[in-house]
């Protein structure tokens, strides 16, 4: 069953078109990794799904309902939460307060402060520290934890490993793997690291120049096909979405 | 290679300029046949035009919204009072009292132009209040009571009225012409750049501080001239009126309704303001409350004022200050 | 002489409580919504005049009148934000200033039209509170009303602080102040938060207005002066900090009463001068951080250093 349907959306930033007719479908509990070069439109896609960028054309359906024009906070209450690019923690508030805000304003569910702390044990000693003072990996953990506190049906994670040390990336993905394996929450992850995406995702989506160039299960493609799509080289790759 | 030349002045603009020149001559001859009341009202109109044009220079071109320029209106009037007291002939003091304000505004700019937008607005207001308090410390002013420019009573009333009228006309004309010339020169391009994107303007070598300072000082002198002219026609100097916030509200109204950041806007705004005052002035406070509401509605719904509406109709702005460039193949 | 000084210091500190209440609203709007409301002082007078009418025309007790007026003013604040400020904020930094000064002019003259030009006061309606005092050893006289106002200020600011720290609304307000879009992505409706902040700010202004009417005479044109005092207290205390606002209010009150010892005119003037001094000091400190050394900072502010300006402007010719 598909939880999120995106039909041919177009997003513009002023004169520049960032998404030129993107369509995709996300099933309940599946993990979708979005890959692509800088400027391919990955972050715009995520922001469009989260409601931070209202599309200029096209349609977004969530659990069968049209949410195309719905704003971000309504979507959070409906079950779509995002950890945005750059983490965007509230720097002058504590980690606990950061988590509580999403908890208070999101959906009800079984993701509580305790469960987030169990999933991200590195946050336990930091819980009453100001979020502005955390390291990159800690900030990412807190940002993902914050999105989880909203108990989403679809979790959007932008640029998971950007700027993190290899050890921190390991830690974050270990926690994410546990969430994935419960198969309750669908995840859309923007990940620069190609081999990590291929290993982690149920399906991958490769974007270039605001379009989806390749979509499917990682096993369906050769490394060369993916690399070509990554750089926007046209070929006869199957593009069923 | 593409070369650019500045477009010649369009036909319609020439007609406006020619009309303005003719109006200037007609206004200049008016005291010969106009009644005293008309002369007085027109004097006030010219004072309003000076205020509107200079405030627009500040807000519309340098992006500086001040709610404290009554400081300069009051200071100009005070300076004139002091100069006349020291023996300067009153009609010379009208100009001199305004001009010396540049000496005060120049160092002041170094301080206030470093503030952020909202802070600048209110800090200017506090400065106006501070200056008023300081002026009231001068024993000659007698605190709240104020002083009158009694020397002017020695002149024949008609001669006095007409002289002040002509001075107001010439000064208003001068303020319009100077700001027009200024904005057509290098400074115009620079202010346009600053208003659109201050950081980018700075990065291509525009000294935003220098440009803002020049405009700040000019606007101060303009307001001070309006202050001296106003004192000359009103005779009485009361600190609360001379330094009153109503000057800022008037300037704001004229510029917003006329068209912020255009050359014609403030003049149209001043004419409209004067007309409203003649028609509705008797309604007193409700008239003033109405002005506030109209200013608010214009700010929210017609931020470019009457001139903005006009230019939408015409497809371009009459007498624009934007440099119109023609690509020319060479 | 010493007693007079002590008396002035006490009075000044207590007066600071009043300034802190009106400044807290301004500071909240400034810090959370990034909006400067130039009609803040006029709204405070509006609250006072409504209370006055409820007491003097309908004959309500003062406390009941305040209880009726406060929610009304909060609703006015909410609606004003919804219909005026939100739209103004979309138009860049010029529009909020233009819109709120227009609003101020409309409010002042509208109040004049409704209530007339007479000076009014709640002093007669609060019985002995208006004039009774405690007599402390050493000849110090402590007015009961100023103490009540100061106590209320501490309670109000404390409550506001607790609300911001401990409640969901408070967290939402702080999150929105820090990053409105990130707050939206956490499910916070930033617009509603801004409206709530505006409602609280106007409520605070109205409380301050009632206190002003209790301890002094007001007219429909008293608002702008209150705005200036509020702004001075906010800047002196440091923007965005509630504790700082209380301290800023006290410093302003102290400067005014101590200046008042010299002459009546010096009272307001010394408040303005302290404010300008703090502003100059702050700019100097910023320049010092940017260009090394207090002397450089001071020179830059006084406009003595030509080198700095040339470097800053990139005008190297």
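To keep things simple, chains are lettered A, B and C as they appear, and every chain counts its residues starting from 1.
The rule is simple: contacts are C-beta pairs under 8 Å (C-beta built on N, C-alpha and C of every residue); 3 or more make two chains touch, one makes a residue touch a chain.
Predicted, not measured: the structure shown is a model, and the values here were computed from it.
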Steps needed, at fewest, to go from chain A to chain B via touching chains: 2
Middle chain, criterion being Cα centroid separation: C
Centre distance in Å when chain A and chain B are each reduced to the mean of their C-alpha atoms: 55
For chain A paired with chain C, centre-to-centre distance based on mean C-alpha positions, whole Å: 43
Centroid spacing, where centroids are CA-atom means, of chain B and chain C in whole angstrom: 31
List of chain C residues in touch with chain B within their complex: 30, 36, 38, 84, 87-88, 91, 93-99, 101-110, 112-113, 224, 227-228, 231-232, 235, 265, 268-269, 272-273, 275-276, 279-280, 283, 301-303, 309, 312-315
List of chain B residues in touch with chain C within their complex: 59, 63, 65, 67, 107, 110-111, 114-115, 117-119, 121-123, 125-127, 129-130, 133-134, 136-137, 143, 202-210, 245, 248-249, 252-253, 256, 260, 284-296, 299-300, 303
Residues of chain A that touch chain C when the two form their complex: 50-52, 71-73, 76-77, 81-82, 84, 88-93, 97-98, 100-102, 104-106, 146, 150
Partner chain A, residues of chain C touching it in the complex: 168, 171-172, 174-175, 178-179, 181-190
